[in-house]
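Order of writing sets the labels: A, B, C, D, E, F, G and H. Residues in every chain begin at 1.
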Amino acid sequence: MAKFKLDDIDHQILEMLIDNTRVPFTDIAKKLVISAGTVHVRVKKMEEAGIIKGSSLTLDYKKLGYAFIAYVGVFLQKTSQTKFVLERINEIPYVTVAHITTGKFNVFCKIRAKNTEHAKDVIFMIDDIEGVYRTETMISLEESLNDKKRLMHSIFNNM
Amino acid sequence: MAKFKLDDIDHQILEMLIDNTRVPFTDIAKKLVISAGTVHVRVKKMEEAGIIKGSSLTLDYKKLGYAFIAYVGVFLQKTSQTKFVLERINEIPYVTVAHITTGKFNVFCKIRAKNTEHAKDVIFMIDDIEGVYRTETMISLEESLNDKKRLMHSIFNNM
Amino acid sequence: MAKFKLDDIDHQILEMLIDNTRVPFTDIAKKLVISAGTVHVRVKKMEEAGIIKGSSLTLDYKKLGYAFIAYVGVFLQKTSQTKFVLERINEIPYVTVAHITTGKFNVFCKIRAKNTEHAKDVIFMIDDIEGVYRTETMISLEESLNDKKRLMHSIFNNM
Amino acid sequence: MAKFKLDDIDHQILEMLIDNTRVPFTDIAKKLVISAGTVHVRVKKMEEAGIIKGSSLTLDYKKLGYAFIAYVGVFLQKTSQTKFVLERINEIPYVTVAHITTGKFNVFCKIRAKNTEHAKDVIFMIDDIEGVYRTETMISLEESLNDKKRLMHSIFNNM
Amino acid sequence: MAKFKLDDIDHQILEMLIDNTRVPFTDIAKKLVISAGTVHVRVKKMEEAGIIKGSSLTLDYKKLGYAFIAYVGVFLQKTSQTKFVLERINEIPYVTVAHITTGKFNVFCKIRAKNTEHAKDVIFMIDDIEGVYRTETMISLEESLNDKKRLMHSIFNNM
Amino acid sequence: MAKFKLDDIDHQILEMLIDNTRVPFTDIAKKLVISAGTVHVRVKKMEEAGIIKGSSLTLDYKKLGYAFIAYVGVFLQKTSQTKFVLERINEIPYVTVAHITTGKFNVFCKIRAKNTEHAKDVIFMIDDIEGVYRTETMISLEESLNDKKRLMHSIFNNM
Amino acid sequence: MAKFKLDDIDHQILEMLIDNTRVPFTDIAKKLVISAGTVHVRVKKMEEAGIIKGSSLTLDYKKLGYAFIAYVGVFLQKTSQTKFVLERINEIPYVTVAHITTGKFNVFCKIRAKNTEHAKDVIFMIDDIEGVYRTETMISLEESLNDKKRLMHSIFNNM
Amino acid sequence: MAKFKLDDIDHQILEMLIDNTRVPFTDIAKKLVISAGTVHVRVKKMEEAGIIKGSSLTLDYKKLGYAFIAYVGVFLQKTSQTKFVLERINEIPYVTVAHITTGKFNVFCKIRAKNTEHAKDVIFMIDDIEGVYRTETMISLEESLNDKKRLMHSIFNNM
């Protein structure tokens, strides 16, 4: 788990990209008083090192009709089925996050659905995977916070 | 909760941006055989309608030394403190997600930390917020899935 | 708790009213080959004895925009507050049923709301009653059965 | 889920029927200063639209010897059995309500019985349904509230 | 469940026997100013009516080397096995009480054992009964009260 | 905790008394071919040593109108209140057994009541004791076993 | 379970060895003003009686890269498998303690691992043992106390 | 958390000390064909580096009259009291291990006591610490494994 060494220039480039992934490299270059080519090389290197894995669009799911969020705890019949079950879960697009966890659940998922009825269908898809023994659902009444930018800035400030 | 009407061109633009938020508008234009100006106008409209809320960088937190993920269930003394507590939680950068939930917890958070010791510190920060009565933590042993792209594609395919 | 004695005619009148509370007494009289006056007297007597407490309309709450059903378990700070809390709960029209229960909850309620957001508001109304310590919510994904007619027929068949 | 449009006259008719399902249409007509025929047509239309699904008699179950109320949480072996189990539950007249739920139970029922011994029999009937894995029972010590009229009035007042 | 009618003399006889089952009938007779024969007849009648089912010696189990008390909750695989399992439990002399219960357990037992090690053996005997799925044990740290005499006196005072 | 030494004669006397506390000493003497005086002396000695603490009548509580049995788990605010709370519990005649326990409850009680309504009153009496924080109730659907005689015989056979 | 009788000299020898198992017998002899031979004989006798079972090195596991401690509760399919499962657990060196317990778990283990990922592997090893039905893990955020010396001194002071 | 570098000689010395902390350095020297002085220097260095923190005697607690082991989960009123409570717990010699944990408990302890009664006293000592809100106890029916030697050997074999 040897860490890739990021220098101050890298940090500043990342800081700008975190705030807006679509910022042109020429803007970054101007701000940091370096050449656009340098920005390009640095970003490429961070991508090759696997530090930047990509970028994702932040959509308003409520406006798209997907206002329902729930967390689903999954109990397996045998932990040896974990890999197989995770592959099946991966085929359900409404599951956006899945973790192997400690505590009472074997796998813990986050789902997004249109409404109560659709959520029931998604939960039943998970329940019907071979090897899934039981599920327990906790429903979100409000997504009050969903923001990794504060974390990213904090990481680079502390480095 | 009236839904903004997206047409087929909008969907195709979104599909391309979902896969790569940094794709140049000229590339989108070429692919969809429309002008770059049209792409620009459409994206602007979707941003103004609040459907596109922004974009975020996907970093490899493990490589950045933040390999520890946990879910923290928060019990409040009184639900009337919910708003106040969420504001305090919002000040802790290591909390990346927070929901008001049904079930046994009042608030349910996701945290990222460097290691067990750092996680303890973050949990104690939450525990020390006025109005927080108790917390319960579930630790992720592996983040097996964290991907909203499949959901986004599924939404536009079903529209 | 001495039981009012219902005879066979009473049972048959009740059986017809259970199926349709609006059935005219003359129809009941014709069917049972008794006078409409007798039906009237019998029903009056059952009302006075408190056996018939009234009648209620069965509406389709989904069509009225109230599709969300949840069960809310309430923990009190002291059971001596039970009566006071139940009076406050009684002022919230979205709570349709409330029981004092054994097991982990002190009071157990059924609520109907418009959607997740409205449900949150209703739950917060309960949470904010003085003497309520905490609540736990279980959400209905589908109301599969809500029918007392089978019970009523069974009671009169077994009498 | 397009909502049937109810106008003010409909609301007022419903308000009167909610309070007494047996009120003659001529009384409603007189009160609202419309013809009895109009009342008839309006009610018919609301029945055809499925908004009015019927009416039910409110009996005093205690006086009929059915004083015992319990909530029974049902765990299934597989959620694919949900439909089958609900059909079996539907054959037990002592189960008056059944929901598919989130949280720890798959199905959640309300039962009415004569006494502890009879409740045991009813619970055992549920337990013996094929596909039912386990049940958990919570007993009502007092039905403090069971009233949908406040909700109905609130719905029409808020429309 | 028609109740046998006990008169005041019966109550007073029971009151004396409750305090000391070995009190001679002549002493009771003298105290109540009736004949010993009457006492005899009354006690016989109460035994035949099944009100008096017998008497039991109160031993000091600690002094006999059986200081360990535990409550064992039993989960069954199927409730249809309840009768069979209770018969097997009945063959273990260290189980002194067993109930069919509501809540999370199917059967709830009280056991007395010599010490931790012996308790483990007794719990394993229960666990090994066919149809028993799992058990959960709660250990008594002190038997602070075990006395039905107060109840008996209260019953006769309230009659 | 030195154990009083019981010899074979003591065991045989106890065995007879266990089966019937009212058996005359002359019958015991005849059966064991010893003098009635010896029986008297032995019993006296066992009473003085505290091994025999008394005897109790076994009544049919169902026939006496006390058919309802429940177990009540008590949570205290502070364990330092244990002694005080147990003294208050001791004043409620419907509580027949109380233990200080491990696991989630501080004190665990057995109660007998007339019916659901009376049980509610008894539970509320416990809930209202100063220092009691919360209670959880588990209801007995059937008392399948309540017999210490098998244990007593087993003890003397194993000695 | 007859206790070996330790005299005052034995206590003092043990007290010194508890503080430092490597203390030379000649040092103990000098301090207690007895011969080294006597120390040797006494220690031998305590070893033969099984009171001293050995000695163990106290290493700093954090410095050795094993900073992760967790408690794992194990549920078995049948308690008759307890012995077999414990033998398999005994083959996993990362499990340092295992108990048969009351309460919800059948077996309760303490594990030490390198980090979250390694802990997952160790937990999966336990999960994969035949007869293990499910496990639940609780993670240590800090080992605040691990010291039997205070207990040992207390035992000898109280003897 | 930089790791001290142990070479092969260090490993072999540790391996021998793990099996018997009292093995003379001359024996180690002979076995590894190095001088006793070298052994001495190496051990000293490992002690100074904090890798070897000491050694502890393994006594048979059963034979010493301390056969009762329990795990006690502690809930605090506020996590800010953690440090204070741990200092108080540290004053109770019967608590041999204490961890700050994730999951439902704030602190998790292991205790050793003479018997049920003594365990009650120890649990009450913990319960009476200021800031302790509640405790939950799980009792060990058998200590099936308590051995860190397998772990130590495994660590050095894997290095």
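Assume a contact is a pair of C-beta atoms (placed from the backbone, for glycine too) under 8 Å apart; a residue touches a chain by one contact, two chains touch by 3 or more.
Because the structure is a prediction, the values reported are computed rather than measured.
To find the repeat of C-F among E-F, B-G or B-H, check which pair has over half of the same contact pairs by residue number; it is B-H.
These two copies of the sequence, subunit C and subunit F, are related by a rotation of 90 degrees on CA atoms, to the nearest 5. Each chain gets a centre from the mean of its Cα atoms; for subunit B and subunit F, those two points are 60 Å apart. If you average the Cα atoms of subunit D and of subunit F, the two centres end up 46 Å apart. If you average the CA atoms of subunit C and of subunit D, the two centres end up 7 Å from each other. For subunit E, the set of residues touching two or more other chains reads 67, 100, 102-103, 120, 123, 137-142.
Considering their complex, residues 1, 3-4, 14, 17-18, 20-22, 49-60, 62-67, 69, 71, 86, 89-90, 93-103, 105, 107-109, 112, 138-155 of subunit D touch subunit C.
Interface residues of subunit A, counted against subunit D in their complex, comprise 70, 120, 123-124, 127-128, 134-139.
Residue ranges of subunit G in contact with subunit B, taken from their complex: 67-68, 115-117, 119-120, 123, 137, 139-142. Taken together, the subunit E residues at the contact with subunit D in this complex read 75, 78-80, 82, 100, 102-104.
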